[in-house]
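The two complexes that follow have chain A in common; it is paired with chain B in the first and with chain C in the second.
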Partner chain A sequence: MFSFTKEQKIFDISGVKIGGQPGLHPTVLFGGLFFKGEPDFDNAKKQIQKMLYLSYKTGNPGIPDFFIKKEEYIQKIINFIEKTLPKNYPFSIDIIEPDLKIKTLSYLYKKKLLSRTIYNSIHIGIKKEEFETLKKFTPTAAIIVAFNPKDKSPDGKIEVLENGANLIDNGLLNIVKNIGIKNVLIDTAAMAPGENSGASIAAIPVIKEEYGLPTGCAIHNVVEKSKWLNEFKKTKKVVDASSNVNISLFGGDFAIFGPIENADMVFPIIAWQDILISEYTQNYFGINPDENHPRRKLL
Partner chain B sequence: MDLMNAYFKQKEVFWNNYIKSAVYDMINSGLDMISDGQTRDSFINIFTRKLKGCRVRGRTEIIGKVEYKGPIILEDQKFVKKILPKSKEVVGVLTGPYTLTKSCLDLFYNDEKNLAFDFAYALKQEAEELQKYVDLISIDEPFFSIKLPEYAKDIISVITKNLNPPTRLHVCGDVSNIVKDLLDMPVDVLSHEFKAKPNLFNVFKKYDITKNICLGCVCSDKLKIETVDEIVCHIKKGIEVFGDKITQLSPDCGLRMLPRDVAYQKLKNLVKAGAKLYGK
Partner chain C sequence: MEDQYYPWGGEFTSCNKNSCVAVVLLTTDYTPKNNVAIFGPLKTENIGIEKVVANVISNPNIRYLVICGEEIRGHRSGSSLIALNKNGIDNQHRIINAPGAIPYIENLNKEAIERFRKQIKVVNLIDVKDKDKIDKKIEEYINKSPPPFGKPYIAIKIVPKITSLLDDKRALHSKIIINYIGKVKKRGK
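On to the complex of A and B.
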């Protein structure tokens, strides 16, 4: 448990505070929806309500992360977001295909939802069309994935943020600056076991110390790719949920924890971890936890 | 986006396709000696990324003693060897110790010479591994043309001593003031930018040429594609100075700054010009 010498930026994304010194704000938890099969809106509504309740109980903000994999889902999912989430509540959209990203941005603009949108994500695959669309329809926040196929170490992640590692003409941070996105979150790009999986955790303090930006990752991906865990089904769920403590322990600000169904395990675990960190960082560094911190809500 | 798809699907990133495209361009142009194309990274970062003591930032930072920790470009050369027709040869290209030294930000040694020697010792280990798979080891030292350190020969010697394949030293830029030193380097072949710097012919003319020459024949930073006749004329000038010491024809330097189709056409014309004068 530690404190950064670099001044830490704190963003208010449509009411959710993220970033700062360890122990100040609760870890923000992103729960994924619609990754598998057809979108099941009834179940999604239940899961979101459950996550919002857990968030209310623990103080850890829960942000639904909507995966959009087909064009036909864009309007349906965005209309669902508009109808289901509390007024002004932030959400993230998680899209791989550049064409879908462009169409989704345009629809979010039309529905006046960009001020609540966390764009997941910007990375080395960004092309001119996506860049131009983002300039035109700018979301309030974006997650940058610091994936560097040449170098998966913390240094490689810094390199891709700084100068694009010769994979693109500009560093990802500059790209986001040129777009005009104000609230930037860094995802340290968790890799499968055997691909320097630990680097996504080790990179968190490195990146926070370098840039002071809110940082986290989807460590859940590493658990998913640990095939040997399939032999231990019950334990795998525990490992999946508890893997996220690495993020807060290493000073991170957010965890993209996998399917939203895992929320009932992830929220109490992370709340517990956040309390542990806060007790120490307040005592040693004088970091007073925010009024919504689990330490204030649960103790 | 291919690379990102590999990330999203959490699959291993295969760089081989990029190497393959560079290698096939070189094969199809008709070149006899093929490199891996250095597609993987900048010619500095390819090495510093895999050496101990280096931290890759905007410029690589030296934060500890530079040491070899395992193969750097070896696997790529093995891959090139595997996909090459038997009639073609592989060139293993090492970025030289002085160029690495001058390209990095030294936060540890505060002594350029010691750093250069440690790079040289590390590159020596790589060269020893490489020699089992490549037909020529080429050392790229562009910084020699800016300043030739008094220990230049020594650091090159660290690498080339007792190596089996022939060795080449490539120094681009204006080397007219250091030709005497270059001719004394412990390598078999000297490679320079004779196309962009034709005055070099006049300088080399003054010396007894004791090394084989790799003649730079097409500009590596100009879009204009040299015609076959223009290249033939250039090679003839080279023959007047070097005679049969010319053993290799090449572009002046790497062609990474040029569009792929321009680079490819330059190579094709170079090969045609070579065939006109030397036959196939």
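On to the complex of A and C.
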């Protein structure tokens, strides 16, 4: 359990506070909606309502992370977001395909939703067209993935943020600055077992001390890629949900978990962990938990 | 599964090591017959491709790489692998003209990539849904029975240097120092 010397930035993303010293704000939990095939919006609505209830109970903010994989789903998913989420509630969009990113940004602008959008994500694959579109249609926040294919250590992650690691001509933080995105979250890029998977956790305090920015990752991806766990089906889900405690324990601010169906396990586990951290950091570093912290809501 | 022919390991099934065909499966439930040398899934356009390349050049009998299944959305791993075979990489190690999101090859040296380009002919069956058609194509290439491509090439994985020592008092990382209660500060400040 840590406290940082570097001043820690706190962002208010459409009502959700993220960042700061460990123990101040509850860990923000991004729940992934992956939509296998045609989106099932009835189930999505049910899952989001469940997550919002868990968020209300524990104090841990829950942000739905919408995975968009086909052009034909862009409008459907964004219209669903507009209709279903509480007024001004933030959400993130998770898109791999560069063309879809551009089209989605333009539609979010048209629907006046960019002030609630967390763009997931910007990484070394960014090209001129995506950069220009982001400049034109700038979301309120973006997740920067510190993925460095040649060096997966904390050093390598810092290198892509700082100077692009000779993979691109500019550091990712400069790119984001040039776009003009105000609220920057750093994702430490969790890798598969065998690919320095632990570095995504070890990098959290390094990046927090270096930049003071809210930091986290999608550590559950490491569990998903641990094929040997398939033999232990029941345990796998528990490992998946509990893997997220590593993030808060190492001073992180957010966890991207998935799928959203796991919210009923992830929220209580992280709320428990946040209480543990808060009791320590208050005693040793004088950090008073925010009024929505699980320690205030649940004890 | 790791074995002597495929030292980089990964998620694959090895069948007939003397076969000249390897099969990359994108999004598909197709399973090749056991007359191929090796088959397995490909997900990512960087680390995934590196494993495929290392695991085919280590067996000189493999001369054809059949890529089948629906393309991986966003990653475009199949098309990026074809681009690597066709164009190689640029000075920043990016696969030239690859359509994937992050198509960088960082853990293989240029020699290994050149070997891949020379040893392997890619057979593009991306988005072909008819399984019989895929079987037939594989059969067609197996029947070509070309000679092996010289000796096995064992690609060396490029690993960044780690400089920490057992008596190193630095915690976690060289950039930070953490005291006994958990206060983090930048090293040297």
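Going forward, the second predicted complex is superposed on the first by the 298 of 299 C-alpha atoms of A that agree within 3 Å, B and C clash if a C-alpha of one lies under 4 Å from a C-alpha of the other, contacts with A are read in each partner's own complex, and residues count from 1 in each chain.
Simple rule for what comes next: a residue touches a chain if its C-beta (ideal position, glycine included) is under 8 Å from a C-beta of that chain, and two chains touch if they have at least 3 such contacts.
These figures come from a predicted structure and were not determined experimentally.
**Q** Overlay done on chain A, so just call it for chain B and chain C: clash or fit.
**A** Pair status: clash.
**Q** By the touch definition at the top of the document, which applies to A:189: first (chain B), second (chain C), both, or neither?
**A** first
**Q** Can A:123 be said to touch chain B (first), chain C (second), both, or neither?
**A** both
**Q** Once chain A of both complexes is superposed, is A:98 in touch with chain B (first), chain C (second), both, or neither?
**A** It touches chain B and chain C both.
**Q** Can you tell me whether chain B or chain C touches more residues on chain A?
**A** C
**Q** If we overlay the two complexes on their shared chain A, which of chain B and chain C does A:159 touch? Say first, second, both or neither.
**A** first
**Q** I'd like to know which partner A:167 touches here: chain B for first, chain C for second, both or neither.
**A** both
**Q** Let me test your reading of the model: by the given contact rule, A:229 touches which partner, first (chain B), second (chain C), both or neither?
**A** neither
**Q** A:221 contacts which: chain B (first), chain C (second), both, neither?
**A** first
**Q** Just chain B (first), just chain C (second), both, or neither: which does A:1 touch?
**A** In the superposed model, A:1 contacts chain C only, not chain B.
**Q** Of the two partner chains, chain B (first) and chain C (second), which one does A:265 touch, if any: first, second, both, or neither?
**A** neither
**Q** Report which listed segment of chain B has C-alpha atoms clashing with chain C; options: 9-17, 99-107 or 171-179.
**A** 9-17
**Q** Counting contacts the way the document defines them, which residues of chain A are shared by the two interfaces, the one with chain B and the one with chain C?
**A** 96, 98, 123-125, 147, 149-151, 155-156, 158, 166-167, 191-192, 195
**Q** Per the contact definition, I'd like the list of chain A residues that touch chain C in the complex.
**A** 1-6, 69-70, 95-98, 100, 123-125, 147, 149-151, 153-156, 158, 166-168, 191-192, 194-195, 202-203, 205-206, 208-210, 227, 251, 280, 284-285
**Q** Help me check something: in the complex, which residues belonging to chain B touch chain A?
**A** 1, 3-8, 10, 12-13, 15, 40-42, 45, 49, 55-58
**Q** Report the residues of chain C in contact with chain A in the complex, numbered from low to high.
**A** 9, 11, 46-47, 73-75, 92-94, 100-107, 158, 160, 162, 172-176, 178, 181-186, 189
**Q** Write out the stretch or stretches of chain A touching chain B in their complex.
**A** So the residues of chain A in touch with chain B come to 96, 98, 123-125, 127, 145, 147, 149-151, 155-156, 158-159, 162-163, 165-167, 189, 191-192, 195, 221, 224-225.
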